[in-house]
Every structure is written in structure tokens, then in C-alpha cells.
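Next up is a structure, given as C-alpha cells.
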Amino acid sequence: MLPLELDQLTFSAGNAAIIRGISARIEAGPRTVILGPNGAGKSVLMRLCHGLLTPTSGRVVWHGSKNGDVRRHQAMVFQRPVMLRRSALANVVYGLKLAGKSRSQSELRAMDVLEVVGLAQHAARPARVLSGGEQQRLALARAWALGPDVLFLDEPTANLDPASTQDIESIINAIHASGTKIIMTTHNLGQARRLGDEILFISNGRLVEHTPIDRFFKQPASAEAATFIKDEMP
Amino acid sequence: MNSLGEAFAAAWKLIAGFDAELAQVVGLSLQVSLSAVVIATLIGLPLGAMIAVERFPGRQTLIVLLNALMGLPPVVVGLVVYLLLSRAGPLGSLGILFTPTAMVIAQAVLITPIIAALSRQIIEDAWREYDEQLRSLGAQRLNAAMTLIWDTRFSLLTIVLAGFGRAAAEVGAVMIVGGNIDGVTRVMTTAIALETSKGDLPLALGLGIVLVTLVIVLNALAAIIREMALRRYG
Amino acid sequence: MRMLGSAALGLALLGLLPGPAAWAQKKFITVASTTSTEQSGLFKHLLPIFEKKTGIQVRVVALGTGQALDMGRRGDADVVFVHDKVAEEKFVADGFGVQRFEVMYNDFLLVGPKADPAKIAGGKNIIEAYQKIAAASAPFASRGDKSGTHAAELRLWKISGVDPRTGKGGWYRETGSGMGPTLNTASAMNAYAFTDRGTWLSFKNRGDLVIVVEGDRQLFNQYGVMLVNPAKHPHVKKEPGQAFVDWVISAEGQKAIADYKIGADQLFFPNAGR
């Protein structure tokens, strides 16, 4: 799949330009964090990468893709988990069956990932009665079960308390350790620092910086980034 | 005005006496209206789901039309079906005018728009919530539509019940295409109309009470199923 | 489990679908008739006797005479059994009916409120009664539905020289519905109404209504029966339909008609072939 290349990507909704000509090359390996203030266009950029939105102009190119089916090799977790009205286990099985796995295969795999995210004891419970943190863990399990090459995460902890946030972050690291490329958005500097290896800093629909994490925090190259770091740091 | 008292006495006598003729009329009412609701659901539900998830030219017009058709006057439906099924009409050779089949057709025509329009609304609301997640998991349109139908099934059940209520309560259409033939096409509502025109208001109202009781029992059953299922699946 | 549940529910519902086998049962004919004959209970008395004898089930669709004849014209009935001689003769002359047979008669009545605002109670002359109603502008409920009874009512108005349409929206009210609903209306607003005796005798919601005029020869109400012409509508069930026509005008059918009573009152007087 990787590297992922964004070539002069733009996206407008009506007359409003949301992404204004972003070019970047995202390599396999490091955890990529898309950082930026609210309204910078982070979520839209991620949806363009994942293929949920079609760019107004420019291209999204997966250089490592052997055949045309790029969707199969990526998954996404949303800020607000969308739980199907069925059991936790069935939510994970649903994604696997769409990916063409048999029911018995799917159920085994689903139980495994539920175990890893610590939801095995809730497997039979309706997904919608789980707590917010549990639902987000379930969403991660559903995505992870597919064994994607790339996992997109859009502000995965924005609505969660600190304890749940910690759970989610350690699962994200486990997924990374299993060999899946992580690309996530956040507006939280602490989280970027804890989870990121490299930063794509977005402001007002433009890519302002694309740098390794240490350099970004020590000596940001742009005034926007410097201001953002200063304002957000406690 | 002790007519209401007489009516309840008449209703009680009808139920307690378990009159064979009444049982037949009640049975036919249920048979015709349930058949109509099954057919209308088989047509209306997929139609509603299709309109909810597909985008095509004329879609908005179709939605307005369906919503308007919810208010179809039963007499008009009856008249149109009558003219179609009459020996002098295009489908006259079927010879099904004045049979329960004709009544099922008329009621199905009457309630299909109700089921299609209301399920379109519910499924489209759910689609808005599920859209990105389902596409991210790689669900095709048809697959997504089935998932939405399944996930909104409790709300859809209410719609089906509304359709049944409308079918069981209408008199205009079945009177015209059924002919209110004693022992063949006489149902609760046409029997009520007949007793009213014979001036036997207590008996008419008594039959009405039996009909309403029946509809209440059916709705209560559905409510219990819904409650149990909700507890189970969230 | 839930899949099983929904499948079972689906099957249960499908089981309720009326199978064609259940409905395509015995031999039957469809008779278009009038609300007055149906609601008087005559058919409930008559048809089982005929069915027992011949094995032919008779399905009666009760409408106004105008509608019933129209049903015959469209080919939706095998036999028409109505009461409007003029319209029936035209029906046959136009080729829609084979031959008209007179079956029986009953009579029309004028009913009205006990208070009797037009002062006509006990009269024997329907024409005079009409004139007095119009003169007093007393409320009058008319069928207004082109039925046989409505046609008879209008014929009498014509003879009386009064055009009831002048009272339309005032004292003359057209209900546009069957005999029963019209009587319900008359009872509710204490109006006079023109009705057949059969419906009146079986009508329960009379309120203050009583008979005010009866016995005038002009109130004679003749019923006729005819087979719908198979030459026009080939699917008409010729043999069983004709069997029904023949039976109601036979000695046995005529006796069955005479036997039908509500309490002590005979409702219909057979007069076939006379």
C-alpha cells in the first residue's frame, strides 16, 4: 500500500475551500499525526485519504498497491463510534463478513480482538449499551480485526475521559506494534507528543509543516506552528 | 343517551357468545389486512430503503409524491381497483372482483405508500449516521440498505403496525371492491357500515369495539416484542 | 436465534395469506341487488333455500338500483335483481339483460316525525302529502343517490307539481346515501323521508319517526329480475344464473318470498307472471 502520496489535493464544499492544494508523501512505518487547530481541515483531509470524500482536484495515490482494491487494506475509526444495533461481537463480525470472511472464521477472529481490547466479557452485550470508552475500544477492535495495512483515526479520544483515553492510546500502540501504519488526527498536543513519530501540521487548509516529532516541538519552522504550540501548551 | 352502554353490552355479548358468523368476519378482516400489510411491506420497505440510500434524478419528486400518497382516500383507491378489476376493465379477465383477493390488492395499494414513505424517512435518518462507517467497512449500496433495515427494525415495526391499522380500519376501498357479500367478503368495517345503515347503532358500535380491541391486542403484542428485543439488542 | 425468530414471524404472516385454493371453492353466482332487499333480510331467508336445492351459492352485492344496473352493464354481475321498472326495461332494450321478469312488490311509505309539522299523518294520498310538505317547508330527507327508491320518490314529486330542488339546501335535503343512512339522517333531524317498507320494518334507529302515509296505489314498488346478457359478457354464468331467475319466479320461490316476515308483517308480495 504505502507510501501514500497526496498530489496537489484540494477540496471545496460549495464555495468554501477546505483543503487548498496539499502535497505530501507519507511513508510506511512511523506513526503519522495530523495536527492543527479546530477547523484546519484535518478530518476532511483524512476522509480524502481514506476515500470517503472525492477531491475537487488533485490525486490520492497509493504507490504500494498491487491491485486496484485499496479500500480492503485500510480501515478507519471515527470520533463518534457508530455502533450497529447488535451485540459487540456481531459488530466486529459484521466488518469481517463484509471483507469476505466466513462466519466461523469471523467469529474466531472477532473473539480474539475483543480479548485484546479487553471487551471479551462484553462480547454478547448490545454494543449500544456499552460506555463511550468501551464503544470506542469496540470500534478499534472492529477496524483492527480487518488486519488493515493502514488505520486512520479521526480524533479517537476527543469525547473520552482520561482513563478511557489511556486505554485507547495503548491499543493504538499495540496496533502499531502489530505492523499497521497509524495515521491519526488530533488537536491535542499531549496526545500528538505521546503517539506521534512525525507531524503533518495543517492550518487553514494548507500543509504548513511535515517534520519528525522532536524537531516540531523543539524548533517549529513556521510561525503558525510556533503560535499553536505556545497557545496549546499548558 | 344510553347508546354507548348498549354498545358495550352488545360488544360483550358478541365476544362472550363467540358467534361463528362474527368469528368468520373477524377472521377475514385479519386475513385480508395482514395479507395486505405483508405485501405492502415486501414492496414498500425495499422501495423506501432504495430511495433512502440511492441518489437519482427525480428522487425529490418521488419523495414528495410518496408522502402525498400517504393520504390517498380509500374510496378513490377502491374505485380505481374496481375499474381495473371490473369485467369491463383491463384486468377483468382475472375474475377476482368481489373476492378477498381484490380486497387485499386494494388495501395493499392503500398502505404501500405509507410504508414506503415512512420507512424512507427512518432509513434515511439512520443512513446519515451510518453512511461513512458502512462505506469505510466496504459495504455496497444493497448491503448497506439491508443493514439499515435490520438496524431500524423496531422503528420499522411501528410503521408496519400503522399500515395494518390503516388497512384494518378502512371501509371505503373494501366496500367497493369486495361488495360486502355476506359470508364471502364481509369484514369488520363493512359489517359496521351495514349495521349502521340498518339503524342498529348499538350492534354497529359493538362491532366497532370488537375491532378496536383486536387492533389494541395486536399493538400490545408488538409493543411487548419490541420492548423485549430492545432490551436484548439495545 | 433472531434470524430464526424473524423467519418464523415471516412464515406465520405468509400462512395468513389467503390461499387461492381456499377461495376458489364451490359454484357461485354474483347478484347485483338493492340495499332494500339485502337490508330487509329477505336474501338471508331466501338464499339458503335456493343453495340447498341447487348447490349454487349466491353472492349478493347490495347497491342502489342505478349502481346495480351499472354493475350488470359492466359485466360484474350474473343476475340483476332491482326495482325501477323504467330503468330495467331500458337495460334489457339496450341488450344488457336477456329478459325481465317481475318477481314481487312491496310498497313505499312516507315516514315522518310524530310532531308532524306538515299535518299529513294518517293520509292516504301521497301526492297531497308532498304538496303539504312543500307548502310547510317541512324538512324532507331524500336518498339523492339515483337508486330505485330515489327514482320513485322523484316520479311522485313530478306528479305533485312541486319541484323539490327549489327547497334544496333548505327543507329538501339530499343525503346521497343508502336507505338506512337516509333514515338515520331523517331520525336525527326529524325530517320526513320516503322509504320502502322492508327497510323500514328492519330499521332500528327510528327515534321519533312513524309512518305518516301508506296504502296509496301509487306507492306500489315492483321488483324485477333478469340475467345479464351472455352475448354482451361471455363470462356470465348463464346456467346457474338462469336457474336462480327461474327459481325466484317459480311457485317454490314465490312461496319462500311470501313466507318471509318480520314479526307478523309480510314484507314482500310475490306477483311473478301476473
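A, B and C are the chain letters, set down in written order, and residue numbers restart from 1 in every chain.
Criterion: contacts are C-beta pairs under 8 Å (C-beta built on N, C-alpha and C of every residue); 3 or more make two chains touch, one makes a residue touch a chain.
In this text the structure is predicted, and so the values were computed from the model without any measurement.
Chemist: In the chain contact graph, what is the shortest path length, in steps, from chain A to chain B?
Modeler: 1
Chemist: Select the chain at the greatest separation from chain C, using centres from the mean of Cα atoms.
Modeler: It is A.
Chemist: When you average C-alpha coordinates per chain, which one falls nearest the overall C-alpha average? Tell me, please.
Modeler: Taking the mean of all protein C-alpha atoms as reference, the closest chain is B.
Chemist: Averaging only over C-alpha atoms, locate the centres of chain A and chain B and give their separation in whole Å.
Modeler: One centre to the other, that is 46 Å.
Chemist: In angstrom, rounded to a whole number, how far apart do the mean CA points of chain B and chain C lie?
Modeler: From the centre of chain B to the centre of chain C is 32 Å.
Chemist: How many angstrom lie between the centres of chain A and chain C, each centre taken as the mean Cα position?
Modeler: Whole-Å distance between the two chain centres: 77.
Chemist: For chain C, which residues are shared contacts with two or more other chains?
Modeler: Nothing qualifies.
Chemist: Going by the touch rule set out above, which residues of chain B reach two or more other chains?
Modeler: 233
Chemist: Which residues of chain A are in contact with two or more other chains?
Modeler: none
Chemist: So in the complex, which bits of chain B are touching chain C?
Modeler: 30-32, 34-35, 38, 86-89, 92-93, 95, 97-101, 104, 179-182, 184-185, 194, 196-201, 229, 233
Chemist: Okay, in this complex, where on chain B does chain A touch?
Modeler: It is residues 129-130, 132-133, 135-139, 143, 147, 150-153, 232-234 of chain B that touch chain A.
Chemist: Give the list of chain A residues in touch with chain B in this complex.
Modeler: That would be residues 47, 50, 52, 71-72, 75-76, 78, 82-87, 94-95, 98-99, 126-129, 142, 146 of chain A.
Chemist: Which part of chain C faces chain B closely enough to touch in the complex?
Modeler: Per the stated touch rule, the residues are 2, 13-14, 16-18, 20, 23, 30, 35, 39, 43-44, 59-62, 73-76, 177-181, 183-184, 187, 202-206, 233, 235.
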